[in-house]
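Comments concern the structure below.
Naming follows writing order (A, B, C, D and E), and every chain is counted from residue 1.
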Amino acid sequence: MIPVLLLFIPLVAGILGFFIKEQKAASNWAIVASVVTLLTAVIGIYAMPASMHQFEASWLPSIGASFSVALDGMSKMLVLLTAISMPLIFIATRNNNYSKPGVFYALMLLAQSGLMGVFISMDALLFYFFWELALIPVYFLSSIWGGEKRIAVTFKFFIYTFVGSLLMLVGILYVYIHTKDHSFAWSSFTNTDLLSGQETLPFFLFFIAFAIKMPIFPLHTWQPDAYEQAPTATTMVLSGVMVKMGLFAAIRWVLPLFPMATKTFAMPIVILSVIGMIYASLIAIKQDDIKRLIAYSSIAHIGLMAAAIFAGGTLGLQGVQVQMFNHGINVIGLWILANAIESTLGTRKLSELGGLATKAPTMAILFVVLAFANIALPLTNAFIGEFLLFNGLFQFNIWIAAAAGVSIILGAIYTLQMVQKVFFGELSAVTANATEINSYSKWVLIVIVIAVIALGVYPQPLIDLTKDSVNALLVIK
Amino acid sequence: MNAIIVSALLGVVMMFSGIFTTNKTIIKNIATVGVLVLLAANLMEMNNLFSFDINTHDLIVTQRYGLFFNCIAFGATFIYLVLSASDITEVGVNAAEYFALIFFVLCGVAILSSFNGLLMLFIGVEILSIPLYILTGSDKRNLKSNEASLKYFLMGSFSTGVMLMGIALMYGATGNFGMVHSSGLRGAIIAAQQPPYLLVAGVILLFASMSFKVSAAPFHFWTPDVYDGAPSVFTSFMSTIVKAAGMLAFIRVFENLFTVLGPTWHIIVDFAIVSTLLIGNITAVFQQSVKRMLAYSSIAQAGFMLFALYANNTEIAKEGMLLYAAAYSLATISIFAVLIKLQDYSLDGFNGLAKKEPVLAFAATVSLLSLSGIPLTAGFFAKYYVLAGALQAGGALWLIIVAVLLAAVSVYYYFRVIQAMYFKEGDPQTLPISGGFKAALIAVAAFIVILGIWPSALLSWLYF
Amino acid sequence: MSKLVYLVPLFPLLGFLVNGLFRKSLSKSMIGIIGSGAMLASFVVSLLIFFDVKNGGGATVQLFNFIHVGSLIIPFEFLVDPLSSLFLLIITGIGFLIHLYSTAYMHEEEPMHFGRYFAYLNLFVFSMLLLVLGGNYVVMFIGWEGVGLCSYLLIGFWFKNNNYNAAAKKAFIMNRIGDLGFLLAVFWLIVKLGTVSYASVFAAVSQLSATDITIITTLLFVGAMGKSAQIPLYTWLPDAMAGPTPVSALIHAATMVTAGIYMIARSNILYTMAPATQTLVAIVGLSTAIFAATIALKQNDIKKVLAYSTVSQLGYMFLGLGVGAYTGAVFHVMTHAFFKALLFLGAGSVIHAMHHEQDITKMGGLKSKLPITHLTFLLGCIAIAGVPPFSGFFSKDEILMAAYATNPIFYYLGMGGALLTAFYMFRLYSLTFLGNFRGTAHQQEHLHESPIAMTLPLMVLAFFAVVAGFVGIPELFAPNAHALEHFLAPVFAGSTAIAHAHHIEHSTEWILMGTATTIILIVIVYAITKFKKYETAEPNTGIATILENKWYIDELYDTVIVNPLHWFAGFLKNTIEKYVIDGAVNGVGKLVGYGSRQFRLVQSGQVGSYILMMVMALVLFIIIWFNDNTIMRFIHKIF
Amino acid sequence: MPIQYYIYLCLALFSIGIVGVLTRRNAIIVFMCIELMLNAVNLLLVAFSKVHNTAALAGDKTSMIGIEAQLFVFFIMVVAAAEVSVGLAIIVMMYRNVHSVDINFLNRLKN
Amino acid sequence: MSITQFLFYFLTVLALFSAVMVVVSKNPVHSVLWLIAVFFAISGHYILLNAQFLAIVNLIVYAGAIMVLFLFVIMLMNLNASAEPQKNNWLKLAGVIAGGCFLMVLVSLVKQANELNNIAVTMGTGEIGLIKNLGKALFNDFVVPFEISSVLFLSAMVGAVVIGKKA
């Protein structure tokens, strides 16, 4: 029952949200709804018996599709991430004003509902459904409230990902035809007897969809533009939670479905991911726009996770699980800061900023902590993830891990460069009148920073949460 | 038989109603009620409550599938009339006659859903086509309408000639027009072991002419011009209900022949599907007029429907065909209903519609989403079913990949309209819009979404 | 007592939190008291632990499981043994003195920044303590990166100056390069052994192949290169002098940079089993020692000279590690900590007096004005130069003797470096304290001795700089008097058991020692006399220019690595990303658009051409059908 | 007469009709050519009807097989008549508007 | 050569020649007249094939009614030879070639069709073309399409009204 609630609370709240006209009211409504979702998620996951974590209802019996949702370790974690992110985002951006606020928050809630659906569905068709559904609200959010080039950029993003998901649909169809009982259930999907030659094509159909979503080099070019142009709250959803869809889906659907093809193509994919990591890191060094910089940094981080997924192994897979959560909250923190800078100073250009630490010391401290989390300093949450990820990669291939390791250094270069250009040095014309970060954002960031450090010091809860799904995965392989 | 008889009678009724009254509202209402009567009659036959008992000598065979299709077609017509009947009366002075012609077309639809033999196919196709030539040209002083009508007529007649030649050759090879399973064409083909040359030539010609009717490439050329030139209300009708009926006829003719005709068939169908999807989708991209864009999009949608043909006889494809007909008709009728209310059919004419007429914009958006096959709308399941059917029938995966890639292209042009409505500034001029119209639009949108969540709502009726 | 070891890092952590969070509301004196008090508390606990260990105590304290995935368990554990307890003492002891010193030195800062400074300092000590206390490589790595972080924060403490920020960044990135090596070594251990705890790693060392050990040790050494500023990753350390002087004393002399030595000493068994790596360590150490010494000869910035001297001394320590003299290296770490901290703090005192003037060519004659500073500085110089019986003599001698035993060439080269050390240290001393004052009149008026909070640490350190050597009296003088060696013996027991003992004759040792001392004394006298009368700077020529410019290594790195990297990144961003990858994506869109325009032309609007095409399509269909074999083959070829 | 002769004849007539449709611009003549095509089909159907009837007669003296083709021809004529009335109406309507029956005269609808 | 064979060839030549003349005549009226000639030739063939009813209907309906309608329209519009401007010769050529190709492929098909060998059309016999038989079939087996044709005519009628009525 819990997963159903998680799906429908934001959905219903979103639909109702369309009718709210006033900014504060809409914001309050969204916050309340998302907090209720969060409470449901937390209580449901930690206080309810496992029998409440599953729900199955007949949907389209004639073609073997059912409304089957469940919470296992991996989905619990991503559900938590989704549930936590939304209130954080709503509170942090509470000072942003939108035209038609009701619609804005409603669409955000709908996106949340879609994301929840992606993470909890155990039926391929249902999964595909939510996969698309999460995209539509984001399309509208970005196109209506985005930056200058929003329409073209969002459109590109939309079509790009849509191409991927359509290919995935073909893949789903293909596997469906080959299931023994003609069913879309995850269990049937993992139980087909595809020959190794038959796996290749559907493997790539799935993989391309997820690779675009993650994104893996060279399918990433939609991402920096989309992140840059989307309204920051949406960018947070996009990079904090939505890119995890690709990673999640790769683990949930690609690995168990196509074990042989995964093995066969692991090497090229891992290499591609690692190239992407280094490539994105190098480009990030040259970025002048904070949002684009964070975007490329995110590509680099996701590249590592993608590589670890296909490299396989307990450590790597566990690392991906942990890191999905960690990267989610860290990057949301970074976006909140980017938003704060942009909204108070009206620019995101590194070259126009400087010396902000004098004017906004609190913001500086929060930023520095998150920046170091971004480069996976030990005792921040990202370290745990990256440690495990690199470990997994190392077990797969030493040289690739070493090459990927270069991104650790490059990451330090661009992150510190950003910190330095924004906060250190003399004040610039733009920052001369800067003010401290607003208190909504501040408190959200403080929560995030506490989480960053707490999970960095004691990551075990996160690991234990996802342990079962990793083990299950290894059994299947 | 009910549908055929009642629709013909209703046509006559409409003809006479034009004599007794000139009040357009009354005529309109009679027509709307008439469709309901037609629907009721059809439902009665479906549920074995009442039907005309006529010995058709196996020329017409009513099956649940065809009757169900009739329901969809008549239901779509009902929605069409609710949304656009008042616009039909505005096209010209002969309001009653237009409705009469629409009912005659519905008679053709009913024949096409139940014919059993090439003779009835031919007659059905003609009953379907001839009123359309007239409806296309009904805006008499509009040169575009004239041109469309003439083009449609000439090319339609030509394709009739081709079809008849095909039928003649098939007859020559088998000595039979019938489609009754063992003793008809199929039996003759099976008996011949290897399909006779004449038969194949005939089938190809028949295939070409049926492709023409459903505007499948490379026989689609009339479609953009005719849909563009015809009065928008009739384009809406032609491109939905009529096209779906044509597609059904196409499938019914070939579903029994395919399996025995050998693998080469698939090459030709592949060719038709790919070229239809390609031309429809690619050409639509750069259209500036939304109406013409929808014309190309209807070609593209036909390409998808052809998958149901490709998947001949699989259960899922047959269901998909019905779902596709319903989804596509609903969406297109609704988008055309919105289009008709706009003065400017160009893409810029839609700019800022969401601000001025949010309901229209919303309904149009749902329709466009459905046309592009986004989940949660009926269009998704429609596409899904036909593709699944094709795959189940052992279809080539590459064909389906091509199809979905081109579906992604279709998103490009459908979403340009959404962009214009929601993200661009403008002041679109609209005709007066009534509250009822808006309510109806919302209802249609809701219906699209319901079908998109739970297609069984429609399909399960097929089996009760 | 050892069980309470977690208290040691806890105090600085609390200090960090309190000072960091409440720095706005606390007064400067409060901040100073909290910061120094935390250190003092730590020091006291460390002292207790030290004696506990000395009496045979010591323990492994597991706090909680840091990472537990599958069969891999990485506990958050502390290891208390002689080595770590010794380092605890050095870190907390010297740390406390430097905190104390800082309360005076940094007194001009605003309260907020003052608080920030102490918070960073506490955090640094915390990280360093984690590093040495860690019971496995991962906890060590946490401290390892933590000190890098603090070093970054402290070097860039005056964040308004972008040069300082650049130096901070450079320090962090250089460290990161080394860290990558460290990390890879850890991964290798995990892959091969499935554990990272010292105890189990060292116990299972026999399961590792020779190649594995060589690679692991080399990678670890790469980490040490970064942290301990060895060639080729040393360039950050001289630049790191941008930070406040006490920071230089603490981080870049006494503690952080010795992390590499600590780590290798900790992993001594691995290194002993990898002779190839050992040779590498020795060679790199020796080269660094000499190379840095040559640069130090011509530097005029008081802190830069000390910095290069640090690099050079670290080189000696690595030489010691490389030749298997683990005790010697640790010994040198200890003595170096005292006298280098002393020298830096003394330099700080001078800078303080000179109003932030750091150029020694503009000083001179400070002897009388700063008596305590002068005296303690002189003691420090003597200690570092290696004059008996000052501490530096004993430790350096131990390393050099071990080097001689391994390979006499090491010894001779090392000795050459030691002579250079003596020379540049006394050049520094003479230019600063002897001769005439060369600064501005304003500076001269305000010259003053530093407050007690600054001089007290100087005196304490000077005391230790003089006497610390006596814990490691060589066998030559008194058999079994090497207290340190006995104390550390359990840590190095494994290595001692494996290593071939190189013993040199006592007579040889006497000769070497005597000769060395004599030459060093001559050099000292020469340097003092030469620079006593120094008046104005003369432009350098020839090799001196190269030395003054640090062998142009920074420029070399810029040309060979940094600039190409930036160029390449720019190329990727502006060309590859924009035109190739995104260009391909947009190209697909353009292709569709182009296709659309072309396809539209087919729709000519003429019935005749439409029907023509339909007829041709019909013909085509028929042809396709009746040539199916050919066409099928063609299509299969395409798809 | 071998059946092929009739087939050739009908195909030839049909093709001439097609050529006419393709080459003429006068809408009425184009339409007439289409009628020619229909007549070719009619003749072919009758010929086939005869063939099948002859074959059936061999087994059953009173067989009526083949009659459906003749009736088909009958229906084709019916439809053709209806089509002609509509077609000519359209052509007349066009002539009224543009005073021409040239099919290429109207080409507003393209691309 | 028997008389039927002679008639066959004669009617065939007549039909083809007239058909070609329909296409090539400049004057629409001539085209109509040549078309009527084609219809006569085809009716002759019907008679040869013993389809007497169809032969008569063809003459009455086609040659008589429909062609007269055509003539009416042509006269009404007063079209003459010059009314049709010269079409692009390339398109003409393409049209002829396309038509020729179409004929060619179909003829080659028929040539290859072995199943047609040894099937001959027997002339001058058979009863299915008689009005009596046709009538029986039409009003028994084919009564449904016959009735439904009325819908076709109705719609054509309505259409003619809609289109033809002055707006």
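By our rule, a residue touches a chain if its C-beta (ideal position, glycine included) is under 8 Å from a C-beta of that chain, and two chains touch if they have at least 3 such contacts.
Quick caveat: nothing in here was measured; it's all calculated off a predicted structure.
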Neighbouring chains shared between chain A and chain B, ordered by label: C
Other chains in touch with both chain C and chain E: B, D
Least hop count linking chain A to chain D through chains in contact: 2
Core chain by centroid distance, with centroids computed from Cα atoms only: A
Relative to chain E, chain with the most remote C-alpha centre: C
Top-ranked pair of chains - ranking by C-beta pairs in contact: D-E
Distance from chain E to chain D - Cα centre to Cα centre, in angstrom: 5
Between chain C and chain D, centroid-to-centroid distance (C-alpha), Å: 96
Gap in Å, rounded to a whole number, between the CA centres of chain E and chain B: 32
Chain centre separation in whole Å, for chain C relative to chain A (CA means): 36
Per-residue multi-chain contacts in chain D, two or more chains: 3, 7, 14, 17-18, 21-23, 25, 30-31, 47, 51, 55, 66, 68, 71, 75, 79, 82-83, 86, 89-91, 93, 103, 107-110
Per-residue multi-chain contacts in chain E, two or more chains: 87, 91, 94-95, 98-99, 102, 106, 109-110, 112, 116, 141-142, 145, 149, 152, 155-156, 159, 163
Residues of chain A touching at least two other chains: none
Pairs of chains found to touch, sorted by chain label: A-B, A-C, B-C, B-D, B-E, C-D, C-E, D-E
Chain B residues touching chain E - in the complex, by the definition given at the top: 4, 8, 11-12, 15, 54, 56-57, 59-60, 92-94, 97-98, 100-101, 104, 107, 111, 119-120, 123, 126-127, 130-131, 133-134, 137-138, 140-141, 173, 192, 196-198, 200-201
Contact set on chain B toward chain D in their complex: 119, 122-123, 126, 130, 133-134, 137, 140-141, 143-144, 146-151, 153-154, 157-158, 160-161, 164-165, 167-169, 171-172, 175, 177, 198, 224-226, 228-229
Footprint of chain C on chain D - complex, ascending: 18, 21-23, 25, 30, 103-104, 107-111
Chain E residues within the chain B interface of the complex: 106, 109-110, 112-113, 115-116, 140-142, 144-145, 148-152, 154-156, 158-159, 161-163, 165, 167
Chain B-facing residues of chain A, complex: 59-63, 125, 128-129, 132-133, 136, 140, 143-144, 150-151, 155, 158-159, 162-163, 166-167, 169-170, 173-174, 176-177, 201, 205
